[in-house]
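The data blocks that follow each hold one structure.
First chain A sits with chain B, and in the next complex the same chain sits with chain C.
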Partner chain A sequence: MMQIKITNPFAKFLVRIADSEIILGQRLAEMCSNAPTLEEDIALSNLGLDCFGRGEELMKLVSALENNAFTPDDCVFRRNEREYFCIKLVEQPNNDFAWVVVRQFLHDVYVTEIFKQLATNEHQELAALSQKVLKEIEYSKMHSFDWLVRLGRGTEESKMRTQNALNVMWKYTEELFLFDEIDKTYLSDTDAIAANWNLGVNEMFAAADLERPADKKRHILDFRKGFHSEFLGLILADMQYLPRAYPDAKW
Partner chain B sequence: MEKGDKVWEVFIQKKAGLAFKHVGNVHGYDKKMAIQNARDLYTRRGEGREIWVVPAEAIVSSPLEQADAFFDPSEDKVYRHPTFYEIPDEVKFI
Partner chain C sequence: MVSTNLNEKEIWGWMTEVPDPEIPIINLVELGVIRAVNLKGNAVEIIITPTYTGCPAKQLFVDLISEKLVEKGINDFEVISRIHPVWTTDWLSEETKAKLLKDGISPPTVHNKKIICPHCKSYNTVLASQFGSTPCQSLYKCLECLEPFNYFKCL
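Moving on to the complex of A and B:
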């Protein structure tokens, strides 16, 4: 079996973002034909495709940094759970529509801050990609924000479900800000990421009339070291089945 | 259709200065949702630079059952077409 080793620090940094986007894309793809309305179905598929698109572009940079020892496809379809470096937030399931929207919004606010800093990165290709991605995410964030306001200020049921989704997923936001040396090398100001994220989510809590869950220190094992929630294995089993069963299959 | 849901007609402008073109419709509970749904459904392949949505109920249509009275009288009036003029070569885009 092929071993995919990522050793270049810049590639290690980029693969975290790439993996997060790919896994969120997969989660959104699961919503295809399952959204509450036809219109929202296409909206979520669009968002999912955007995630795959930027995931793929980032994977290309990762492959190039590793001297093309593997392709972007290898990287996505031939790595196991512990070799993945996505944030746990994006692994969380589509339990109901509120989960989809909460997960999306928390992600959108986070990656907005990441890509904002990468947009001025000295790596020109990455900077150009980030500038393009920021527009996609701006729309996604507007869409998820609007839904949170609708759900939070909708019926008792929608409010309860949304608050519940927030309460459960909140614990996976702590690790987002436990930046390591690698992050600090490529992000110009990690403190600003946390500060702006807090501003963004607090604005949402006020607008949607939802309660911000308490921040507790939980010390969940870090995604940066390849630790995940129980869901990633199942996602990968689904996502990787075809290329693993038929390694030479062509699209 | 659920309570509060409405149908909106969608018009898209491809480039500045061109007319908005009707492309279809979407469901939406309010203006904001309608415009986002229209964006997600009808501008996925770079079709537009601006979108209008109009509540379908705001559109007044000519009565189909009176289509004869409305439109037949114009059928034999070919002289209403500006085809009896010589168009100078210098005039483009007509």
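Moving on to the complex of A and C:
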């Protein structure tokens, strides 16, 4: 069996973002043909493509940093749960359309702040990719923001379900800001990420008339060390089945 | 057999014969995807850039370019994708935008403002859905002729 070892610290940093994008892409792909309207089906599939595109480009950088010891595909399809470093937020299931929208918004605001700082990175390709992602993700953020306003200010039912989604997802936002030494090496100002994220979500809470859930100190093990929610294993089982069962499959 | 008097200009010409797989009315040079053509002895190096990072046609660009080069008798080549400098819809020339409009796709405008209907040329148009048939397009509706149309998003 192939061993995928990521040892370069820059690659370790990038794979966290790459993994989060791939897993969110997979979650969005599950919505294809399951969204409430045809337009939404197309929108969510498009957002999923964006995530996969970003994830793929980042994985290429990761592979290159590891002297091409493995390909981006190996990295996605041949790592186990504990070898993945995505944030738990993106693993959360599509229980309800409100879950999809809340998850997307919280993610979009967070990665926007990350890519803003990477847009001036000395690695030219990463900087260029980040500049591109920033433009693309604006469309996604606009989309999830609009939906949150519509749901939050819609009916009693839509409000209740959106607030519920927020309350559930909120516990997975704390770990986003527990930056370690690796993060601090490649991000120029980690405090600004938390501050701007708070501004962004508070603006949404006001516009959508939703309540900001209380911050509670929880003991959830960090994604940076490969700890995940119960859902990642199931996602990987689904996502990796074919390449693992038929390792040389091509289409 | 590779002709010995192969030059970069000729290869640029071949590249204009490669249509964009999703919007075949324009070619990859007009789209701004082909960034450089380098000749290293008899080896050809083509530098391309992706339009949208999630564009499903990314791999197809490489395949179509490779096919074209093989068709022209070139076997020693490499197609390299680079993100820097970042592709932008600003690279579409006025002629290319006119071609898009003629083909029924409203061309990108600054900040996605003043969007023209490709059917009746009215500016009285409204967004129907931010996301359309390809990652680079949104769906709009004309309030004059009531026809729906695709709009190439500004990036």
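We take it that the second predicted complex is superposed on the first by the 251 of 251 C-alpha atoms of A that agree within 3 Å, B and C clash if a C-alpha of one lies under 4 Å from a C-alpha of the other, contacts with A are read in each partner's own complex, and residues count from 1 in each chain.
Note that contacts are C-beta pairs under 8 Å (C-beta built on N, C-alpha and C of every residue); 3 or more make two chains touch, one makes a residue touch a chain.
Quick caveat: nothing in here was measured; it's all calculated off a predicted structure.
Following the overlay on chain A, a clash is recorded for the pair chain B and chain C. In the superposed model, A:E39 lies in contact with both chain B and chain C. Partner contacting the larger number of chain A residues, of chain B and chain C: C.
In the superposition on chain A, contact of A:K132 is made with chain C only, not with chain B.
Of the two partner chains placed around the shared chain by superposition, chain C is the only one that A:F52 touches, whereas chain B remains out of contact. Look at A:S158: by the touch rule set out above, it reaches neither chain B nor chain C. In the superposition on chain A, contact of A:H143 is made with both chain B and chain C.
With the shared chain A as the reference for superposition, chain B clashes with chain C in the stretch 134-142, and the other listed options (8-16, 26-34, 62-70 or 134-142) are free of clashes. Within chain A, the residues touching chain B in one complex and chain C in the other are 39, 42-43, 46, 139, 142-143. Contact residues of chain A toward chain C in the complex are 39, 42-43, 46-47, 49-54, 56-57, 124-125, 127-129, 131-133, 135-136, 139, 142-143.
For chain A in complex with chain B, the touching residues are 37-40, 42-43, 46, 139, 142-143, 146, 150. Remark: chain C residues 50, 52-56, 58, 82-87, 128-133, 135, 139, 153, 155 touch chain A in the complex.
Against chain A, the residues of chain B that register as touching in their complex are 26-29, 32-33, 36-37, 39-41, 44.
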